[in-house]
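In what comes next, chain A is part of two complexes: it sits with chain B in the first one and with chain C in the second one.
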Partner chain A sequence: MPDERPSDESRAQAARPPQLAPEERAPRGPSPSIDATAERDPDDVLAAQEKSAVEALEATGRPESARSLSSDAWHDLRRNPVFLISALLILFLIVIAIWPGLIATRDPLYCRLGRAYEEPSAGHWFGFDNQGCDVYTRTVYGARASIAVGVCATLGVTLLGAVVGGLAGYFSRFWDPVLSRTTDIFFAIPMVLGAIVFLSMIKLGSIWPVVLVITVLGWPQIARIARGAVLSAKQNDYVHAARALGAGNTRILLRHILPNAIAPVIVMATIMLGTFIVLEATLSFLGVGLRPPTVSWGVDISAASDGMKFRNAPHILLYPAAALSLTVLAFIMMGDAVRDALDPKLR
Partner chain B sequence: MGRYIIRRLLQMIPVFIGATFLIFVMVYALGDPVGALFGDRAPDPATAARLRAEFNLDKPLYQQYLLYMRDIFTGDFGTAFNGRPVTELMADAFPVSFRLMLVALAFEIVFGIVLGVVSGLRRGRAVDTTVLMFTLVVIAIPTFVLGTTLQFFLGVELAWIDPAVSPDARFSELIVPGLILAMVSLAYVTRLTRTSVVENLRADYIRTAVAKGLPRLRVTVRHLLRNSLIPVVTYLGADIGTLMAGAIVTERIFNIQGVGYQLFQGIVRQNSPTVVGFVTVLVLIFLLANLLVDLGYAVLDPRIRYA
Partner chain C sequence: MSQQTERAAAPLLQVRDLRIEFRTRDGIARAVNGVSYTVEAGETLAVLGESGSGKSVTAQAVMGILDMPPGRITGGRILFRGRDLLAMAEEERRKIRGDRIAMIFQDALSSLNPVLSVGYQLAEMFRVHRGMSRGEARARAVELMDRVRIPAARERVNDYPHQFSGGMRQRIMIAMALALEPDLIIADEPTTALDVTVQAQVMDLLAELRREYRMGLILITHDLGVVADVADRIAVMYAGRVIENAPVADLYASPAHPYTKGLLDSVPRLDHKGGELYAIKGLPPSLMAIPSGCPFHPRCPQAQDICRTDRPPLYPVGPGRTSACHFWKETLDAASAADLAR
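So, the complex of A and B:
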């Protein structure tokens, strides 16, 4: 049953292009007519064809044909509900991460053991956790650490990866073998594993060891993408033209290659941001990430799921986990929307 | 083909050396293996110095690494914290993790590819949107939240499964842990398959296959699927290493005594030979899996030839 119906679909979808093709081909396929009319006057024919091609282009309804990729993407994004919802959510989360006091007035570290595991009630909407802390306050304040880890780690990974990958792609003759092998080395170390080994050796309470280890182990993915993007951008005529005009490597890299190779890196970075937030929570669950005086979703979720403490009080797991999942969801959806806007091939 | 394999194997050598050296430096230079042997109390200086000399820890780092590598290639991985040789721990742990990996991989291949093909073929329809939303939600929820809650509901509330896996780790016990382990990758496989199917549906050879009147099933399976699977196979190959190593969370939740469990014990107890030994083997598995994937390309796509 499931086999039959999808393939029905495949035939329908596959059958559509042949009907479209002749109309599409008309303005585009000049080669046969050149042969046929070559004896007359090639210039005339070419001019006529160019004219018809321009007319065909104009007819397809592209009034501002000189729109750049980024403004084109922005044009699409503004109309994409997925992007709007995730962008609003992310904006809200960032505001909360910077000024948690806006919506939570209590102190996240003020706890009374007597109220441990208390059910949600008026004034304490999310109830109390195993230490008797207010879950709502801790969930709001937890945004800061989780988002800070995600944003800082993504910045680090993107910068390091883009520089290494970009150099490997641009100076491909000399640097590529060295940089690509280095990338392979870091790629061969599983992320969670390397992070645990590193973090168990370093005993610091702040978010920086976590950010550092994610940066050190996460950049190869970005580097590979950046290298590929630069390699293909390098082939373009405008790069050769810039070089012929005497532009130096720095200028070519920054002015010509960077704007044309950055799109896939941005998409990957947005999606990675979400996964880094999950990674921070996972490391905290394993006891090597952020440590208890720090208020973070990862710390709270791991405290709740450790030894099934959520058995009799599901709210202590539910709220921080929901906050974390929503955040990650927002970033991944944003990444998806940006990818669709920047890469028209996937439409 | 033979020459290609030899070249790839040669290329693996620097990567292998680099990756193991990195882990070695992290464990031996950042940690204090001798201090860890004494637990909370400070070691007696004379004993500590003797132990340092015994484990070659008084030599420069690169010499330590060379000596360690020499031992490894003669089959001596050192001793774990409980006095058992690390090789013995490996013989216990790797079969368990391998079974868990197989279960997870089976879930990924079956559900990931089927969901991906179905949603790719019905792009933009309700099925497609549902599947895409499902993958996003799965990626967004941390594995350990999913794992502990599922363990609680299936193992404690409903008592359908044992909450903890026995040391034998039979296949029947590994189904739920395998599913948990597979979840995130399953979502990625689904999305990757979907993208690939959508792209290939527009290809000329599909049009040709339909035009010459082949049965739908044959077009989907032989023409569409075979071409769409190439990026998916790459992902799955790279995932084998991640599944073996990334099972730390799953193995901890379900108390499976596999690679992740032993590794975590080694890390917590700062037993350097265990950590470095297991990671070395995992890096090797990762590199070999990637090589196998590249060779597998030639089977899927005859256009790719290795000379």
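So, the complex of A and C:
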């Protein structure tokens, strides 16, 4: 009896609303004794169900505040350890780029030849380089030039690329052929080679020639991505709707297309930032980027990199190189995390 | 002032012999082949037809949002209060769009920008066309949301489109179209994406607001049920032409074109439950190769030799009625007889 399916009698009872609950509680084998509880149970059960439904509604109902794509992305990012680690690193790097004095109290340009090649010691954690300068202090101060080049070049590249790509994508009939072929021409110039040629023609010293060269040679990548994003955003119904409601080109482009096309550009820009820092180091290493007395990781790596020095005192090379790698890693991790959060296709 | 009275005499919207083609890789698709219809102020015209009959393309041409290229207007005129929209400068036209003629789209979710709040998108109308301040426009947006009966409009004004249900989104689209109290609204299948109960609510709301604001309405649809309640006149389109144009009651009582009759017969009826559903045989013609003579002849049960060779003009078949069928009289008589028998 207890293992049988509910009898016809109990099913008939179940069909009546108040007795729906007992069948749930005792799905198989209703015995006469349960009938007694069934008389008082339904109200409790219904009340409990109602209460839990209300709770569920409160818990999962409308989000407390409006959530757009960007707040959605932020919600995702906050839970992503890759993002958190890279964000902390980048924050730290930016802080020491602005205020290197916070963690390095010496002068990076104060060097005593007598202490050249000295090994790391208690007061001088990273040792001394071939000029007798403190490697720790120089590594900390080097962050400023590297990050400044990276950030400024990325800003320049993104602005130029997004404007050219956006116009090519939006006014695709008239401007696209011209702008896209221009993009192709710049795309064809090898970055390092082009930078060497350009930089060897100008007087070096500050970071600006390097930033300019990277901007001029780097924008086509962003332009291609921006063009594609605008072309696809332009097809959306809401763009037609905005036009049907009387919005002009400027408003459509800035208010309706830009926010919907910017995500891939942001992602690309974050990843490119890391590569630009490497590029600055490469150019400085080759002697056409930054030059002493400017303190930068590339300059120090270059100074430390001949074989003899490396064999005798590897720390001169290793510390600035490690700082460079860590910075690039942080920006690339950040780019990855941001892409995961912003790209709807990866969701 | 005299100019204004003159304009008031002209119908609200007149589409005259409009022709639109699309250049595609496979050839030229003639989507619209001489469409003419008129909407008077305060009148509701339903444009009825299958997919590909040119009803939406005509509406896009009226709005000036046709994708050109590949689309191309090869002939005809669109007169709004007597002024030819096609001859206007783009800047002048843009001022009419949204302000004097507004459009409601089929799919409200994709027609609202996902990254902007609905309040912003509503307020944008006032800021673009009326130059209102941010706060003032925002207040008007809330007012409008109240108008289209969105509950708790004040709290929801900052919500994003995906946070609204389908019916609510369509109400917001209606609110956007109504914002500047236009003279003419074009609703392109406004209820197709909604479920039936919500459809009725949205249609009722639209009809009510239209009466209140005394606007002209072009209702593009393939749903005969929606049309009957709301429209004053119906223009039936087939292969890029209007083939029958009639007051709604006349058309339902006695269609004067075999295609219209086929459409009406294919509506499922409760009193025919269990019986086989009527379907017009064949497929709509390819717009690349529209049949000679009457474009409907390959599918028409009454086709004669003349239908294969001669394109029927729009015959006047009654007061305010036209039909593009050589045998409109026979069709009309048969329909009236059937109506009497019923």
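Everything below uses one rule, namely that the second predicted complex is superposed on the first by the 275 of 347 C-alpha atoms of A that agree within 3 Å, B and C clash if a C-alpha of one lies under 4 Å from a C-alpha of the other, contacts with A are read in each partner's own complex, and residues count from 1 in each chain.
The rule is short, and it goes like this: a contact is a pair of C-beta atoms (placed from the backbone, for glycine too) under 8 Å apart; a residue touches a chain by one contact, two chains touch by 3 or more.
Since the model is a prediction, treat every value here as computed from it, not as a measurement.
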| item | value |
| --- | --- |
| Larger contact residue set on chain A - chain B or chain C | B |
| Chain B versus chain C as contact partner of A:R181, first or second or both or neither | first |
| Which of chain B and chain C A:A281 touches, first, second, both or neither | first |
| Partner chain in contact with A:V267 - chain B first, chain C second, else both or neither | neither |
| Which of chain B and chain C A:P259 touches, first, second, both or neither | second |
| Touching partner for A:A247 - first (chain B), second (chain C), both, neither | second |
| Contacts of A:A153 with chain B and chain C, given as first, second, both or neither | neither |
| Which superposed partner A:L212 touches (first chain B, second chain C, both, neither) | neither |
| Touching both chain C and chain B, counted on chain A across the two superposed complexes | none |
| Footprint of chain A on chain C - complex, ascending | 63, 65, 69, 94-99, 102-103, 105, 107, 110-117, 124-125, 128-129, 158-160, 163, 173, 176-177 |
| Touching residues (chain side chain B, partner chain A) in the complex | 11, 14-16, 18-19, 22-23, 26-27, 30-31, 114, 117-118, 121-122, 136-137, 139-145, 148-149, 151-152, 156, 195, 198-199, 201-202, 206-207, 209-211, 216-217, 219-220, 224, 241-242, 245-246, 248-249, 252, 263-264, 267-268, 270, 275, 279, 282-283, 286-287 |
| Sites on chain A touched by chain B in the complex | 2-4, 6-11, 13-15, 17-18, 181-182, 184-186, 188-194, 196-198, 200-202, 274-275, 278, 281-282, 285-288, 301-302, 305, 308, 310-311, 317, 321, 324-326, 328-329, 332-333, 336, 345-346 |
| Residues on chain A engaged by chain C in the complex (per definition of touch) | 62-63, 66-70, 173, 236-238, 240-248, 251, 255-256, 259-260 |
